[in-house]
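First subunit A sits with subunit B, and in the next complex the same chain sits with subunit C.
Here is the complex of A and B:
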């Protein structure tokens, strides 16, 4: 038998009792290191289109008692083929994008301030960004505001030299309010506005000429609800988007996180999406096949990009997570399907092939 | 957010949950989840229920090993740590002394019966292997009463925390676990009872986080020929401790605070050095009513 300091031994012994929050309390602020791997493949009937594989390394570490540093690096390898117009004439593509983000956050009792920078480069596209963000909470921590500014400066030099040294500058502003409604409910309202000027055209499409200004506004509503009976949490979100191309989009997302014994949890997800077409979108005219549909005579702006058409989409996903000690792993699988007739409250764009994507992501995180 | 005080009865005593909630209905729902957890632990570890974990272990004494679930194994492991860090004074098997000490009738034990009882005490003889526990001798008993209430306070607080509660505390008959400060940011003022005058406080301690527990000679006792016999019994001779009237400890968890305060009571005069070495804040009142205290800033 031995007599030791009870502070160390008793508390250490007590931490192996099933007292979750006590464990969290006793831990100092941790850093995290995480490695993610994404595999994305999209397709249309009879043809695979783009495949992206993307390993990503990210790190967050506390610095002193009031600061933290975050950094991440991702390498996207893009291969496959993309349509030259509508969903026709698949043209092979091959590229690699490397992106790095760095940010520093300062914490005070009721507020945080973040400054960050980003850089990403592909063979034909370089993007540089600067962002500032702040949060402010009330004393009871039940209400918090957040504010963000993001500046992007992009340089575009397409391999086909359709344009040389084009630029795009974007300013994004965001303002949000998060409110704890009860011990089981949390709600959030986020407003976003973005002003962009410069080259928005896709240089690899046959008929594509877009305005040199694109502004958009977003409204996001979120509601998280804890369900006592099952111990799970539902997350519901609605997002409204409108832009100066005349696209109006609605997104509804429903997720349910079910914790399971031994550190497992399962999260099914369903997302429904619908958008109207850009005002200068040119519908696919089957009479002009096998040639691309000509834009209307005298039109100054036109596009045959599938993403600017009118369509609806559904995403079904599931995430399986496991936590053990300082480690956690998440495996996420998603199936995305886009069809023109799935647009809500209106007819979708005509004569486009349905579009599908499958996304698998594995993430491994360690706290230290 | 408003502060609600929701009382409930459990473990044969008056308990309460004090918490900040938007309305009475949500305060009641939260307190209900917390009190349900306290009752679950009471049922699982009660000596008075034949189907409890403890009754099953005790019934198999001298006969068989009993398979335990993870929660029970973790508590037994913690009991082992209490035994070792108290040099054997905190002994889960010493509850058997209740057979010879009757605090309601105020009777001194018969020396022969007491000697027989002492033979049935000995945590070091309890066999624990993998997920099984066996009491080696018929008549041996385990009693989780020494830390069950504190564990329940921690678990109830944990249930509340899982529901997102940040402001409030759980009070199980004076064993208090605080989740977070008053919604206005100020600490809760927790009163420490005078061990000799039921309605008087000797001190009031501000607490924002952690747990405050008190072990005292005034909870169950009887007096005979001017001598107080309290329910905290030394497992070596089966006699009540006499040095401290009460010991209060502030620690991160109720189960730790409770362990330290009870061990200090059991160590009697040496309890003061033990409290000093613990590094936790304490307030101890000796038999002359002298207060010894130390505030540690963790």
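Here is the complex of A and C:
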């Protein structure tokens, strides 16, 4: 088996759980059962890289008069090829990841409390997580504070046995404030801090040696605005990210939801992203081709992974939704592209092939 | 890190002060539009889960939207 990278990333399935809602909310009146499907294919000029298909089943149901239960299960099937360094030497990979998440929420008049657990397994990587979250609203419910803690314990056993029984532990903290600004405006500030210790190196990459600590901080600002003239809603977000690898990243997201007659709605989306390179990223020197570029003499840490290079990225997408009775269906199509010259406020990393992806997602939901 | 904290604190304080001092409180009967699903930060039924997974697998930055589960995200 070959997987590209044990990463300091967050599990997608758990992200979809309502662990940290925007507002302290009331217990849901209805349950929902949702079947989702992802089809992802990325590529670089002349080569297809990774394809992922991922069905997900999720359930949320009220329990008693003050509780709800959420659960989801996802299976990622991953095939294709991934570069061994920079955007060169594509190595075939094949893997399957199964992840399950479970959470329970208690609702009081002005607060909620959630506890959740996550488990994700593939042949070389097992992750176990515990989530705690709470929200507290003011009496008029115009202001809401939220707090979240996420603990992760990952075990890493790569198929090439470069390392055996490695571990990574991560603690994520978040603090947020959501404010009703007017009868048509809702804003949110979220601060996040993550402390990670353990194995962050990619065992499948050539010339990859990373620090055993990675901390990152995030600031997320969101603003949703209802536009009276069109009946639509604009959804704007900005995220600032910085980490102990010296990476700084900016993300701008804009969506516009336009309701249409007979339960239809259309949502165009634009996302702009830019990041600087990790302090130990090694630029691609064409003089070394067809071999990988040697790291600097005496360097303790080095990487030639594209993901830690300097570049910018753009996503354009559109979502078509339909509601009828207790049913709803959502279809989203997106095009994603990375280029070094799209980095903001500086030059991008040299000699990397442009990277593209097409993403199709489908959700079918039934209320009960 | 210090710079980030200062920035974050300033922004947080600004929003809080704004919220507490200068905004006219919205009454419950004025919140009909705010209750629409598209006004929620949770988004639509597809949610942000798949996208977050893809971005965190292809970009260095991740997180920011709250407490989450964990895992590899290996693609």
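Everything below uses one rule, namely that the second predicted complex is superposed on the first by the 340 of 368 C-alpha atoms of A that agree within 3 Å, B and C clash if a C-alpha of one lies under 4 Å from a C-alpha of the other, contacts with A are read in each partner's own complex, and residues count from 1 in each chain.
As a convention for this text, contacts are C-beta pairs under 8 Å (C-beta built on N, C-alpha and C of every residue); 3 or more make two chains touch, one makes a residue touch a chain.
Since the structure is predicted, the reported quantities are computational estimates derived from the model, not experimental observations.
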| item | value |
| --- | --- |
| Partner chain(s) touched by A:87 [first = subunit B, second = subunit C, both, neither] | neither |
| Which superposed partner A:68 touches (first subunit B, second subunit C, both, neither) | neither |
| Touching partner for A:144 - first (subunit B), second (subunit C), both, neither | neither |
| Comparison of subunit B and subunit C by subunit A residues contacted | C |
| First, second, both or neither for A:135, with subunit B first and subunit C second | neither |
| Touching partner for A:201 - first (subunit B), second (subunit C), both, neither | neither |
| Touching partner for A:293 - first (subunit B), second (subunit C), both, neither | neither |
| Residues of subunit A that lie at the interface with subunit B and also at the interface with subunit C | 3-7, 9-11, 13-14, 16-22, 140-142, 180-184, 186, 226 |
| Residues on subunit C engaged by subunit A in the complex (per definition of touch) | 1, 4-5, 7-8, 11-12, 15-16, 18-20, 23-28, 30-34, 36, 38-75 |
| Interface residues, subunit A side, partner subunit C - complex | 3-22, 34, 36, 38, 40, 42, 50, 52, 54, 56, 76, 78, 95, 97, 99, 101, 116, 118, 120, 122, 125, 127-129, 131-133, 140-143, 146, 148-150, 152-154, 170, 172, 174, 176-184, 186-192, 194, 216-222, 224, 226, 233, 235, 239-243, 245, 247, 249, 251, 257, 259, 265, 267, 273, 275, 278, 307-308, 313, 319, 321, 328, 330, 332, 334, 336, 338, 355, 357, 359, 361-363, 365 |
| Subunit A residues touching subunit B - in the complex, by the definition given at the top | 1-7, 9-11, 13-14, 16-22, 25-26, 139-142, 180-184, 186, 226, 228, 231 |
| Interface residues, subunit B side, partner subunit A - complex | 1, 20-22, 26, 29-30, 33, 70-71, 74-75, 77-78, 80-82, 84-88, 151, 154-155, 157-158, 161-167, 183-185, 209, 251-253, 255-256, 259-260, 263, 274, 277-280 |
